[in-house]
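Everything below concerns the one structure shown next.
Read from first to last, the chains carry the letters A, B, C and D; within each, the first residue is number 1.
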Amino acid sequence: MTDERHAVELRGITKRFPGVVANDGVDLTVTHGEVHALCGENGAGKSTLMKILYGMQTPDEGTIVVDGADTHFRSPADAIAAGIGMVHQHFMLADNLTVAENVLLGAERLHGIGRAARARITELSATVGLAARQDVLVEHLGVADRQRIEILKVLYRGARTVILDEPTAVLVPQEVDELFATVRTMQGDGYTFLFISHKLDEVRAVADRITVIRRGRTVGTADPRTVTNRELAEMMVGSELPSPETRESTVTDRQVLRVEGLGLASPDGGRDLLDGVDLVVHAGEVLGIAGVEGNGQTELVETVMGMRRHARGRVLLNGTDISAASTMARREAGIGYVPEDRSRHALLGEQPLWANRILGFQSRPPIARRGLLDTAAARTDTERIVRDFDVRTPGIDVMAAALSGGNQQKLVVGRELSGDPVLLIAAHPTRGVDVGAQAGIWAELRRARAAGLAVLLVSADLDELIGLSDTLAVISGGRLVGTADPATVTPEELGTKMTGAAT
Amino acid sequence: RDTGGGGGAQAGECERVAPPSVPAASARPAPEAPKADASGLKVGLAYDIGGRGDASFNDAAAAGLDRAVAELGLQKANTREATAQAGESEDAGTNRLRQLAQGGFNPIVAVGFNYATGVKTVATEFPNIQFAIVDDDTVDLPNVKPLVFAEEQGSFLVGAAAALKTSTCKVGFIGGVDNPLIQKFDAGYEQGATTVAPQIDVESAYISPAGDFTGFNDATRATEIASGQYDGGADIAFAAAGQSNQGVFAAAQTAQKKAVGVDSDQYNSPQLTQVRDTIMTSMIKRVDVAVYEYINAVAGDTVAQLPARFDLANNGVGYSTSGGQVDDIVPQLEAYKAAIIAGQIDVKSTK
Amino acid sequence: MTAVLDRARTLPGWARSALIAAALVAVLSVTVTLTGQTQLTSGGTASAAVRLGLPILLAGLGGLWAERAGIINIGLEGMMVLGTWGAAWAGYQWGPWAAMLGGLVFGALGGLLHAVATVTFNVNHIVSGVAITLLGTGLTKYLATLVFTPVSQNPRQSPRLEGFTEFSIPGVAEGLAALEAQQRVFVSDLAGLLSGLVTGLTPILVIGIALVPVSYLVLWRTAFGLRLRSAGESPVAAESLGVNVVLHKYVAVTISGALAGLGGAALVLNPGQLGYLENQVGGRGYIGLAAMIFGNWRPAGLLVGSALFGYVDGLQLRAGGEAVHALLYGATLVAVVVAVLWAIRRMWTAAAVALVAGLLVYAVYWSVDTVPSEFASYAPQLVTLIVLAAASQRLRPPARLGEPYRRGEGR
Amino acid sequence: MSRLRGAVVAPVLAIAVAALLCGVALVISGASPWTAVTTILAQVGSGTVVVDTVNSAAVYYLAALAVAIGFQMRLFNIGVEGQFRVAACVAAIVGGTVALPPVLHTVLIMVVALLTGAAWVAIPALLKAYRGVSEVISTIMLNAIATGLIAYLIRAETFGELRGNNITTPPIPESGWFPGIPVGNGAIFGMVFVAAALGIGYWFLLGRTRFGFELRASGESATAAATGGVNARRTIVVALLLSGAVAGLVGLPELLGRDHAYTLSSPQGYGFTGIAIALLGRNHPVGIALGALLWAFLDKSAVALDVVGIPREIVLIMQGLIVLSVVVAYEVVRRVERRAEQRRVAAAAPAPQPAEVSS
């Protein structure tokens, strides 16, 4: 049964978390020298499976066979010793350590921490195309370089089997192409890859074989040369792909948000984070902001929300200058805000759902009057959100952290759409949300837009951006560098604009 | 550059004034009271922070009790001791006294002025029980006997001794905590020194300000103050700093200078044998005598005859000669002592 | 002038530090000359600074080890208290080297307890630290009552223990003393300050100071140190690379406790103390922590912090309010120099602030003759507070300091 | 319901563990735990122990409330100690200097104490909000400086007076006292009721007001609070000022109910006790009250242990152990609860079964 040709074999892997079965008897076979893709919707259990293979989590049941030998990983150290390396979905880098230190960490035994190690890093930097100096702090580097360091880390440890967990999520198309080129060269050198992505085109372009996982179980394997996107998607969700496309335009000519000459200096004295940003969002319009992550989207959104002070320029809401107003005053003036990181920025994890309904609304009716809170009103309104937005929860007294990500996001969107906002600022509203919830959130956004809501949308998901927006603006280096018509632009064209390659 | 350093050394020779002469008759210390039988008493003792074994005034009180046990027939089993805790609230002290009172102890001796309110409260509650309080005379009740001392008088004598012995005409004082009690030592010491040698330079410093009791427990900082004074030209330092005294003695040993101890005859303290040679003399405050005399007086029903204040005249304070380092100046010191007892010299308790 | 400044900015770190140190000595020298307070730069003050700074330095190093691994250690105080007991207990029986070991072991036990609470049970670090200080103090008092009373007749004091014999570096010490005695501007001041470093030395002092470079080398130049720091910067990344984060945190916090315990031993073995005294630690653990923050979580920085603390404390103890008063004069000079430097760099607001601060300090200096002893006693704390207020925004604590960490639960 | 159970189980478990460990310590040291327990328990009926316990508990309660207000926002006001002492000293000076009709006089003293406490904490509050200085370090430094300030204020040359070997502030005339309720030999301080009222106020503030919500939100997640429109700086400053103001009252029960003057021997250490009790009571007004009573009772009965010859330091160990085991127990219980709740949520919203798809 055991085949020597198999780089990795996972048999009957089961992993239970409190309340979730993340992996339920998963089987996976990866042959030497192949690029093996894993597909599945959010929360399907892909990352968990890979973390098990990488020794970061121990399976409750099942066996791992590497190069024909039964193994038992107690920690990543064991997996690394067995020639397995992993590039995580979220960067695993220490900002305050240098490039070299980040690479060396945990692998000091290989080449020491002196000259030999540096030489080896220099050598491998060329392989992954990293240009940064070794003694530079990682905090000074951009996303693409960080990704390269992550891969460098894996190579430095002499891994032959490399796991790439959603490596392309933060890259623009050109960077994706470069990454794929690297993957192919390395494949030629005999490396084996496990590759995870939600982007089916990418998966089909790079993989030799695809395994689909749904709700913790292996659904089946597919051949990328023959399978279509639609078939893959159906395997993943058991239904058709939802589409973010906006049907008819509801744009009016009433300006809701007007931003003039917005600028923001960098706190450490570097290049300005924002510079001369002008934009207008009309009632009933969705303005999408496209850009490579880290080009000022977060700063733009937070400046408009009043969370970053000392900005230049003006922000007008319905004609009133709110540049000097506090975040609370802006919220009271009718801005709703769905931040990009819900668990850190939108929710109080240890508090019950109804207390989370108060957050951001603690100053105005129906939740509060003259400094006093009306908890009964908060509870009633939370019930409404749970009902209307289909938040799956046994009640409104459970703590927010106990909900799944998608349900948390629905709660946040529901909250921010209550109190009749005139403007919604939504940053990555469906990031990390599963397909069903995604469709629900899109539907709510469209409904509010039809009712005259102005929406400023930031998203890294170009399909979502193109599908939902009435107007698209491209941000790069803290400046708006161009626009695009969502009706005609393709993700590839948009990606080109985002990298500035077109200008 | 000219720095004006060196202090008294620049003043050249230290001129000393001759001691006054007083007719011996008017300056004789009072004789000790006859021994009464204390076998029927149950004595309670409430210590201040530090308690028995602090090698300081609590220990002296304990010694008084022990002497009563040894000499007055008091039963050891009929004594009870309890100790205060640092920073405790007043009701803790009150409670301690009350528990002793409820336990049938009579008399009860409270050691330290921290017990003032407690004694006042409990003595009012138990008018038939006799109380004594050491270092405090603010409680005005018939059943409360204050046991207070003329610390300044004893300090005067060691100040005089320091002035007689110094070769730099500069001496130091190191107080543990800058409170009125310790200031009395300071004032008497300075008066004694300047009376003997009018040009003498007396440098005084405290380890911690009032209310910060760490000064009695910080030998490290005491060492630094003392070595600062020694480096600055002082060759004798009087340490009135509780447990911190050992820091002064250590500094004296390092600098090959002298120090003066406090409360008990520190030359004979078993803790201090390594540094005893630096201890020229000690200013003695006979809390033991006061406690012993008090128990004796209660047993003999002569409390009213106890002195209002323990001073040189009744041997309540004094100086020690163990080690023999001040033997040569004893006549002068005795002359000053006689002058104080006779009222010829009035020692002030404040500067 | 600007060119000189630019060059100064490009100087290597050690040269800049030397330059700043020289400037400070110059300021002190001017102050001594103008105020006549020779104690400001005397060898005795320098020795006092070294002795008083040592326990703080060791506590600070303890803080450094724990906090570099991401664990806030406000329990240093309690660990120092445990260390004083351990040192006295071992020391009175087997001598000063045993005392050091005793302090080390008892402090380490306190550290281990902190590690169990914060790493294994994820208790808030400050909460655990407070509890450990409470427990350490109580336990120590109990043990002292139990063990020391029979031998010392005193529950609050240990028997006297034998200390280390002091030594001076032959040749250098005498030379510096001679130089200092000449009272020449600058040269004698420098000699006085340096002589504190070569006279009255004890093994524990030498070890304590040596632990600064040793800590630097271990933490920044070894694989173990890299792993330990990674646990404070990004435990999840470290874990993903096979580093046993929990183990490193445990080791770091235990070492931290051991160093604090050594600080307790230093206190017990301090010339003049030579024994356990109840409450003798007196907040030095907290001050060590402050010195470490002052030093921006770096060994050299915390050395400067504890030296500053020891210096101000030694000065006020030896020379009292007048010397602290003279320090105000020195502070005015520093403020003016800083204002001029900033003005040259065209940082006008900063320069103005420094100038105004300088003027304020000068006004205080001018209006009183001496600093009341009540405030002079706490000059070290005041200085720490002011320096932190001025410099806190340049500080860079470890990125994940104080955050809970659970194995396998990172994102 | 399960939360309530957790809140009760954790401290009870912790106290049991602490008691057990203390028993072991006692046995090792040759004393009888049984004697210790009976001596401590016998205190309930003896003398004024009950009254003193209640009075002390009120003091501890105020101190712990002061600490808890900061804790809600993860602010560690280690400086309650310094704030309460400076406030008590200044209030005593003012109270002993002015002449006013009864109620007014008392109110003035309380207001002065509140303001002084707040003023003393304003330094670390502003340093924290505007300069980012850790309040832990700055308040520790200020505790020491407070001692110096008090020593300066209370000097005979400034505002103090000599009384025997003690220095006190001018005694507060009877018009400034806060009358108590006589019980047996003692009297329950009137301030006990003020403390209780403050507890209710604290509960209302946290649970029912916008500020309380913002405070808790900031404590739980500073980032989420900022997004929710909470002004972090203002909240830090207000929270610390409130904490300092309550701290300012800590010295008053004894000052207005018993001592009527601030002296060199006025008690210290309540600030640190307050930290321990706030932890014990999990920042909950009722929990803190129970913690304060337990702590005060242990304190008071420790006096009796001394009298039967058991080292009363055992009580210090007991208190330290209780705090440490309580925080650990809370943490464990919290983890278990969270797991249980997630399981419950997952059960309520079951994942749809994967449909059969063949490849």
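Note that in this section a residue touches a chain if its C-beta (ideal position, glycine included) is under 8 Å from a C-beta of that chain, and two chains touch if they have at least 3 such contacts.
Here the structure is a predicted model, which means the values were calculated and not measured.
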By the touch criterion stated at the start, how many steps lie between chain A and chain B on the shortest route? 2
Sort out for me whether A-C or C-D is joined by the greater number of C-beta contact pairs. C-D
Specify the chain most distant from chain A by Cα centroid. B
Measuring centre to centre with CA averages, how many angstrom lie between chain C and chain D? 30
Whole-Å distance, chain A centre to chain D centre, using C-alpha means? 44
Need the CA-centroid distance for the pair chain B / chain D, whole Å please. 38
Touching two or more other chains, which residues of chain D qualify? 147-148, 151-152, 155
Can you list the chain A residues in contact with two or more other chains? none
Quick check: what residues of chain B touch more than one other chain, meaning two or more? 86, 178, 209-210, 212
Here the pairs of chains that touch are A-C, A-D, B-C, B-D, C-D
Show which residues of chain C lie in contact with chain B when the two form their complex. 32-33, 36, 38-39, 42, 44-45, 47-48, 51-52, 149, 152-157, 159-160, 166, 183-185, 200, 267, 270-275, 277-280, 282, 313-314, 317-320, 373-374, 377
Please name which positions on chain C make contact with chain A in the complex. 221-223, 226-227, 229-230, 233-234, 236-244, 396, 398-399, 408, 411
Give every residue of chain C touching chain D within the complex, in rising order. 74, 113, 117, 121-124, 126-128, 130-132, 134-139, 141-142, 145-146, 155, 283, 286-287, 289-290, 293, 372, 374-375, 377-378, 381-382, 384-385, 388-389, 392-393, 395
Listed in rising order, chain D residues that touch chain C in their complex are 25, 29, 76, 127, 131-134, 136-138, 140-142, 144-145, 147-149, 151-152, 155, 272, 275-276, 279, 311, 313-321, 323-324, 327-328, 331-332, 335
Residues of chain D touching chain B in the complex: 46-49, 52, 55-56, 59, 147-148, 150-152, 154-156, 162-167, 185, 254, 258-259, 264-269, 299-300, 302-304, 306-307, 312
